[in-house]
Structures are given as C-alpha cells and as structure tokens.
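The following pair of complexes shares a single chain, chain A, combined with chain B in the former and chain C in the latter.
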Partner chain A sequence: MATTRILERLGRLYIWLLLAFLYLPIIIMALMSFNVSPFYQLPFEWTTEWYASLWQNDQLISATWNSLEIAIITTIICVVLGSAASLALYRYEFRGKKILQALLFPPIAIPWLITGTAMLIFFFGVGIGRGLFAILLGHVALALPYVIVVVSARLQTFAPELEEAARSLGANQWQVTRRVTLPWIMPGVIAGGLFAFAVSFDQFVVSYFLSTPGQTTLPVEIYAAIRKGFTPEINAVSTIIIVVSMALMLLTARFFKFGGEK
Partner chain B sequence: MAGVQVSNVSRSFGAHKALDDVSIDFADGGFYALLGPSGSGKTTLLRQIAGFDFPDSGRIAIGGESVERVPVEKRRIGMVFQNYALFPNMSVADNVAFGLSVRGEAKAVIAAEVKRALELVQLGKLGGRRPHQLSGGQRQRVALARAIVTKPRVLLLDEPLGALDKALRVDMQIELKRIQREIGITTIFVTHDQEEALTMSDRIGILRDGRLVQEGPPEEIYDSPKSEFAATFLGDANILRGDSTGTGIRLPDGTAIAAGAGATLAAGAKASCAVRPERIRIATDAGSAGRANGNMLRGQISKRIFAGNNSTYFVERDGQTLKVIVQNTGIERLAEGQDVVLRWSPESTVLIAAS
Partner chain C sequence: MAIQGATASRSGLRSALPLLLPAYLWLTVAIFLPLSAMVFFSFMTDLPLSGKPWAFTFGNYATFFSQSLYLRLLWASLRLGLEVTLWCIVIGYPAAYVLAKVLKGRSREAIFLLVILPFWSNGLVRIFSWAMVLREGGILDTALNAVLPFKINIDLMYSYPAVIIGLVHSYVPYMVLTCYLTLQAIDDSLIEAGRSLGASRLQMLKRVIIPLSMPGLVAGAALIFVPVVGSFMEPRILGGRTGTFYGTVIEDQFVAVFNWPLGAALSFILLAVVLVILALAAPVLRKAA
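Let's turn to the complex of A and B:
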C-alpha cells in the first residue's frame, strides 16, 4: 500500500514538472508584459503601459492582421482541398494513388529552410515574386499535407457500410457525403484545420523568405523588432496571442471531445 | 411489394468466379434464405440484387422491371447490414427518418411514418436515443425500422442476426418473421446458419462456389437433398457410398441399401445414399430394432455424447463412422464398445448421384 502511495505522488509530481516545463516560460513572459521595467527588473510593478503602446505600434498591428488573415485563408483553403482530397483517396482507386499518398509525407519532413529557399527561387522563376500572396501560397503548400493526413486517419475509422446504408435508403452521392460521411470526419477536419492554422500562424522561415519589408507577418515582424532592440510590447502581443489561441484550442477540444470518446 | 427474378447472373472478380450463372425466382411476399459457406457467393448475389455491384452478365428484375444496371439508390430496396450500419451522429428517430428525408417528404409525414415504424419494431419510446446507447437487439430493430419505413419493394438482410448472442437471436428470428408477415414484404435473407434458414424461411437456396446447388422449401431440401453437399450442409447426414442398383446402392462389402420410392438412377454408376442421424434406430440385437424389411447395418459404438434430451452415438462400421441421434425417452442407454444393429427405412434414404 505504501509503495502505491509513493508511486502515486511521484506520478503527480511528474505531471506538475511537465506542466511547469511547458508553461513556466510563457507565464513569466506574460507577467513581464505587465511589469513596469522593460528590462525584467524586480520588484514587479503592475502596468498596462505596454499594451497601450502596442496599440500605437502600427507595424506590429498590421503584421498581426496579416498573419491572422493569411492563417484563416490558409485554413479555409486547406480544409476544403484537403478534405476533398482525403475523400477522393478513400473512395476511388486510380493509377498512381499509392505513389501520390506516399509523396504526401516528405514535405512534412523536409526542413522549412529548404522548402522556403525552393519556394523563393520558384516564385521568382514563375513571376509571383515575394509578398503576401506568395506567403499565402507557401503556407497552403506547407499545411495541406497535414490536413490530408489527419482527415485520412479519421476516414480509416469510417465504416463503409454507413455510406452503403445511406445509398440503399435512396441518398445520392452528395446527400451521402453531407449527411453521413462529413459528420463522421468532422473531428478530423477540425483538427486538420487547427493544424493548418498553427502551421501558418507560427510560420517564420518560409514567411521570412517570402515577405517584403512592410508587408510581413507577425513572427517575422517580432524577429525584426527584437533585432532592433527588445521592447515589452512583444511580450504584450505574444500574451494576447497565447490567450486567444489557448482559448480557441480549449473550446475546440471541449466541443469535439478530443481525447475522450463521445 | 414485388417479386425478384435473377436470371443467369454471373459475376467475376479477376479470375475468381463469385457468381456462376445463377437463376432464382423470389416470389412476391416470400421469405427466402440464401444459405452457403463463406465464399459461396451468397453475399455477392445479395449485393447484385441490392445494386451495390452490377453483374457481368444476366438479368435482375424487381417487380418485372429490369434493374441490373440501376444503382442502389434508385432501386427502392431496404437493406439491413450485418453490423446494422446505424448512423452514429443521428438519433434513433433521425436514423429511421433518413430515407424519407432524402426523398424530401414533408416533416409531418416523416414524423408519423417514423413513429409507426418504431412502434412496429417495439421501440416507440427510444426515438431520442443515440445508437451507442442501445443494446445489440435494439440496434437490430432500429436497422429494420429504417429499412422498411420507406416502403421498399424488397427487403434484403445480410446476416442480420450474426452479431447477437444465441438467446437474443432466437427472439429476433421470431420478431423478424412476425414483422415480415405483418407488412408482407418480399424478403431475402443471407445466412450461413442452417438452423436460421430452416426455421425462418419459406424457401431456401443453397449456394456453393458461386453456383446455386439446390433451391426449394426447407422440408423438401432436408428430406430430399440432391447432392452430398446439400445433404451435409443443411442438417447432418450420414453418407454411404457404393454402386447404384437403380433403386438404391450396393456397398463395397456387398450390403444392399434401399432408397425411397422415386429414386431413379442408372444401375452400375457410382452413387451415395444419405441418411439423417435421427432417422436411424439403434439396438443391441437384430430383433429389437424394429421392422425387418428396412435397411440394416451392424457396427460397434465408438463414442457416445450425452446432451440431456438426446444422445449421439458414433458407430464404426467397415472403416466408416456413422452418426445416430436418439431421443432419451427412457433411461436405457447403450455403452461405448457395444456391438449394435442400425436400422432405418428406405423412405428415410436418399439416393444421390456421385458428384
């Protein structure tokens, strides 16, 4: 009995250490965004000054909007194209299907630095050049495989008799997809969408290569700002993003019950 | 409601002939079982009738109308799947409503029809539940309600009771039969369970290797199987092999076995006789085993299995083991190792041409 209790305590300690490892840097950053001293000096003195001056920083705000816009458009495009591609790979047999499926994985493993260089060269070659549109194209290309992989994994758990049952009841292909297949793969579609959003919103390397000065995304802007000299405004904008994205994640997880069945 | 005619249907998958020139007439309102071991083509045949797959050649008609190239969603059939295939994201009522709703029926009509169908399968109160909150038997009933609510021309069942335990299966057999009689729908039922086929259906079709082996009412197939396969697959049978005498066979050791009236087979050809284990009487000496004009063989009991209401004796005779099932009407029992006499009437003997 005593050993079980000790093991239980050790287990609990382990969880707390893990959480501390994950969240401590973030918590400190969030606290510092409310500290008067720009150089992390203690004692801690409460202020919202950095949030106020963030509001004045047009460059940071416009980069944030760019990032959000690109991430949202990337998510929508990837979810639509990726889900459709997954359904096609699930339903139809065609020549080269196996090769196509195998080729979906390497882009996930290729370092972004290399992908970014390749995209830069290619976009110049075909005349797209750099800019927000180039960034959007790059992000879609990076995120699409994630959506296909996640949705396809979900489809593997789909019972094909469900589509057959729907057809036997008179449903056409579109009704079958909309009312039977899509509801089943929806958790996969949402998870894939979150992946796509995260890949795009977090993207630094590819965005850095493809952006032009003044027309850039938040991670690139933060990097540029740090190089010029660190200001707690960065802490402030980071904290806002963390709170918003964590809330989004937790809501989705709760709504779609990830990690627990039905 | 309508009958189904399958004429000369063949279907191959690569080199494998899943269906080989199968013709069956399913009468309007009948309850038909397709029986066969796995790989016999029974499910393939059902899928051709349903319209999930199209035959390479042959004709399928529902209610006299050719449908062999009509896809399933336009055939107006109802189907119950082995694993029920209930839509997990919908309530029981929405599952049942699905077929009416994709047809664009009015909400009020759908609600009334769903209510009626759920009452028919005795699930009137469970419309709000989700499929995963139901027991196996209840899911089965929902699947059935969903399949019949659209008033299909024919009801197809693909081993619908396979996933249920024995007691529940017997209940569902009775229930299914009751519902089928109540709505009078032509029903085709695929099973590998011979008992299910015998107890439920008006007619049975036995399939083997993509071919229809025999077809007819359960009693007819059981009493006069036309092949060793039909004799042993539907029920149990002792097969004795020898040379045809025209009205029976002569065993290798010279013993004559007489078959029932109507047996006609050219004398001299290889042939077999099939005898059901429960038709054989077993006794310790020739005198007490009944009539003297029947078939008779001597042997020795090698094993006895007691099953409460009956006992099965395995009797060794000329290198062959014969099976005899005896109702335990008294307490006298025969012991293993005992020499016995087996007797049965020619009427209980079926003459079969060698296959």
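Let's turn to the complex of A and C:
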C-alpha cells in the first residue's frame, strides 16, 4: 500500500498548509505590533512602544471597558435565561414546543447586517435609541439562542430517571434542579456562557449600527480607526483581542467537545 | 386518553411558561419585533418619528427594481457568495477528509481545534491582518521579491481577489467543521468493503464518500453563503473602491445617506433571498437529521 502512504503524507502536508493560511496573517500582525516602523517596514526592530501608547489612548480604553462590561452582563443574562428555557424545553411537553425550538434559528441564520439594521430601526422607533443599553439588548438576543442550543445538547445526555429518583426520595422541584440537574448540565452551561461572551465581545456588525460616538465598543472603535488609516496601535490592540478570544475558545473546548467523540 | 393528553400538555405549558417567558420575551423585543418593524418601515416614505409627514408607499421597492444599480449589486453579492463558497469547498473539504479519515487520536483532536480556533476570534481583526500581507510593500510583496530573481509588484490590496481571500480565510473553518462531522460518521468498514470489491479511489469518492457527506457540504455552504451575501465590512476594508456590494449599499443607507426606509426595503429583499436559499438547503439537511 505504498500509494496509501504517499496520499496520507500529502494529506498531512495539506493540513499544515491550511493551518499556515489560517494563521500566517495573524502571526504577521502580531509581529508587526512589535515592530518599530509604523508603516510595517522591514527589517524588523523590536519595540513595545505601540502597546505603551495604547494606555494613552483614552477612546480605545473606554471602548474596551464598554466591551468587557457588555460581554460580562450579556453572559450572565444569557446563562440564566438560556438555562431556564433549556430546562423548560427539556422537561415539559406542550403544544407549540416545536415552534419555540424552531424560533431559535432565525437569530442565528439571518445575517447580522439585517438583524442590526432592523434593531436600529425598531429601537429608534420605540424610543430606546442607540447606545450601550441598545447594544446590550442586541447582544443578549444574538447570544441567547447559542446558549439554549448548547445547554439543550448537554441535557440530551441527562437521564430523566435521575430526577425521578431524587423526587421519589422526597426532594422538591427546586432541590431536584439545584442538586441533580444543574450539576449535570454545568459543563454545558459554562460552555454556553463562554460562547455568549465570545459572541458579545467579538460582535461588530450589530454594535456598529447601535453605537453612538461616545457609547461604543472596541470592535467599532477599531473599525473607525482602520477606515481613518492604519495605525500600529490598532495592531497592538488587535493582537491582544486575538490572544484573549483564542484563549477563551480553548477554555470552551475543555468543556464542550465540538467534533464529538468517536 | 386524548383528553388526558391535552390536560397534561396544558399543565406542561403552565409549568414551562415561567422558565420560557424571559428568554422568548427578550428574543421578541430584540429580534422578532425589529424584523417586523423593518418590513413596516420599508413601505413608508419617511420615518414617522421625525415629525415629518409620512405615507405608505411602494416607492422603496420600485426604486430597487427600477434602478439597475441595486439589482446589479445584489447580483455581484450573490456571485461573491458563490465564489467564496466554492473556494471554501475546494479548500475545506479535502482538509475535513484528512482530519476525519487520515489523522487519528490526539493529533486529530489538536489539529481540529487549531482549524476552528481562528474562526471564533474577532473577524474584523482577522480581515485587518490581511491588509498588511496584501498591500504593496507588504509581507507578500517583500517575501516574493526576496525569493524570485526578477522584480514583481504584488499589490492585491483594494481589489476583488483581496476580498475573496479575506472572506475565504474567515469562513473556511465552517466548511471544515460541517464536512468533518459528516465524514467522521461514515463507517470505515464501508470504505474497506467498497475497496475490496474493486472500486478505485475516485469511484469511492464519487459514489460513496461525497454522497454520504452531502449534508455537511450543504450545511457548510449555507452557513457561508448567507453571511457572505450580506457582508459589508470585509469588502470595505479589503476592497476599497472596488468593494461596493449590496451589503455596503445597505450600510450606506443607514450610516451615510440616512434613507432608512430604502435601507429597510433593501434589507428585507436580502432577507427574502436568504430565506429562499435556506429553504432550498433544508430538504437535504432534514434528510440527514
């Protein structure tokens, strides 16, 4: 089976080429954020100047705080509301349940450009307007379906007999939920929460339509800076964001197997 | 029995409601009502908030169909979506196959994670990172001129290929993910059986592997095509002057021209196109599930 061996080796090589394609631009950006020349000229000379100047950029710092705050609040709200909804969809049978489950997919499937502009129109129309509160409203709605899907997937592996057993031993509904069900779905809840954080922290399109000059998030601020012209500071802050969101994702992967086990 | 079932399901709803209500109320206020409002506004001459007079009109839709610009841009966006999707299949499918059928154990897990990792990092930032690679005097230009004996100028920045490269980079992990999931579900003994019956590698691919992984291909294609058709940030950053697409025109209506009713109509037309595409993909996906 010599051909098989050659094909396998080619396959492996191919995967490494794909990884190079995926990571090279990111690595180059990270390197350039440590380069002296603001126009990305080589030869490479090491500096941390751009990271230092980030601390002087008040606009960028306040946008970063906004992003973090919104992402944390979004995560908390999504985990609570999403877990509750998942439990209800798992535990109870009622008419219209299929429709409720199907309703989770439009927010995921519809391009954010459409959702974002629709939110802008509606929030403006009912007097909520734009700004951080509107952004929070939008982020929770975008992340909630993901949390429900992830937690529901975890609930599929839960044996309902366990709840029965606890109930027959005299536990009430709240005790059953807190002592039996919640510990079991915890990995799903944590994964869902990390998903929600990532969706919110990386969200650009919806935030873009809902932000105002003073009330904005980091990606929107970065987009504005990119369109004004390249600044090496943007490289630095982008590198930080990439590192943070990849670290977050690695953490998520610990709690949630994407590929499924075989 | 039937009556009993009905009462059980009603009491089920009563217990479920307090748990469901907050989540679905939020989705209603922030997704479903806005989408309905968008449809409503798309039939208006002006926003009814500004105090200016407004009336119902089909004018916004008439504008779309009467000015060839919008149809041409929608077509350009659909073509962009198609091209990006095809490139993602060409690049992503073989990678998914290698992951599912060649690599084993821990190395497979690790590489799989590496492939889908970038896709959860900030898309805007990744698009921006290509700017440094593609521009004249950028990394690609410098690297190629260092290797090649003759002088060439690589300046892909602000061009159609730059937009394609950026978008393929953003979306190819989707394709790898969905194809990998269906490919790894194919039983290895099925492939061995086919091989031992004398099927060539190409025949196996055409008759067994591709048909069985079709749901993954279709799911990946839908997941890529839909957002690419509505993309506006990627063409703006990498396409510059050549980066005018349907998505960028919608963006303009909301942030530059301030013709919200026309923007709403354009958005709604895009939504209709997206729904048709998802409906076309649905039968294949349902068959898989």
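Rule of thumb we're sticking to: the second predicted complex is superposed on the first by the 233 of 262 C-alpha atoms of A that agree within 3 Å, B and C clash if a C-alpha of one lies under 4 Å from a C-alpha of the other, contacts with A are read in each partner's own complex, and residues count from 1 in each chain.
By our rule, a contact is a pair of C-beta atoms (placed from the backbone, for glycine too) under 8 Å apart; a residue touches a chain by one contact, two chains touch by 3 or more.
If you're wondering where the values come from, they're calculated on a predicted model, not measured in any experiment.
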*Thinking of the overlay built on chain A, is A:G138 touched by chain B (first), by chain C (second), by both, or by neither?*
second
_Looking only at contacts as defined up top, I'd like to know whether chain B or chain C touches more of chain A._
C
*With the two structures laid over each other on chain A, which partner does A:L100 touch: chain B (first), chain C (second), both, or neither?*
second
_Just to be sure I read the superposition right, which of the two partners does A:L251 touch: chain B = first, chain C = second, or both, or neither?_
neither
*Contacts of A:V36 with chain B and chain C, given as first, second, both or neither*: neither
_Going by the contact rule set out at the top, does A:A52 touch chain B (first), chain C (second), both, or neither?_
neither
*asked:* Taking the superposition on A as described, I'd like to know which of chain B and chain C A:P183 touches: first, second, both or neither.
replied: first
*Which holds for A:I6: it touches chain B only (first), chain C only (second), both, or neither?*
neither
*Take the contacts of chain A with chain B and those with chain C, and give the residues found in both.*
262
*In the complex formed with chain A, which residues of chain B make contact?*
50, 52, 71-74, 76-79, 81-83, 85-89, 98-99, 102-103, 132, 146-147, 150
*Inside the complex, what are the residues of chain A that reach chain C?*
8, 11-12, 14-15, 18-19, 21-26, 28-29, 32, 40-42, 77, 81-82, 84-85, 87-89, 91-96, 100, 103, 106-107, 109-115, 117-125, 137-138, 140-141, 144-145, 148, 198, 202, 204-205, 208-209, 219, 222-223, 226-227, 230, 234-235, 238, 241-242, 245-246, 248-250, 252-253, 258-260, 262
*Complex contacts: residues of chain C adjacent to chain A*: 8-10, 12-13, 15-17, 19-20, 22-24, 26-27, 29-35, 37-38, 41, 47-49, 91, 94-95, 97-99, 102-103, 109, 111-118, 120-126, 128-133, 137-139, 142, 169, 172-173, 176-177, 180-181, 184, 226-227, 229-233, 236-237, 247, 250-251, 254-255, 260, 263-264, 267, 270-271, 274, 278
*Report the residues of chain A in contact with chain B in the complex, numbered from low to high.*
159, 161-162, 164-172, 175, 179-180, 183-184, 262
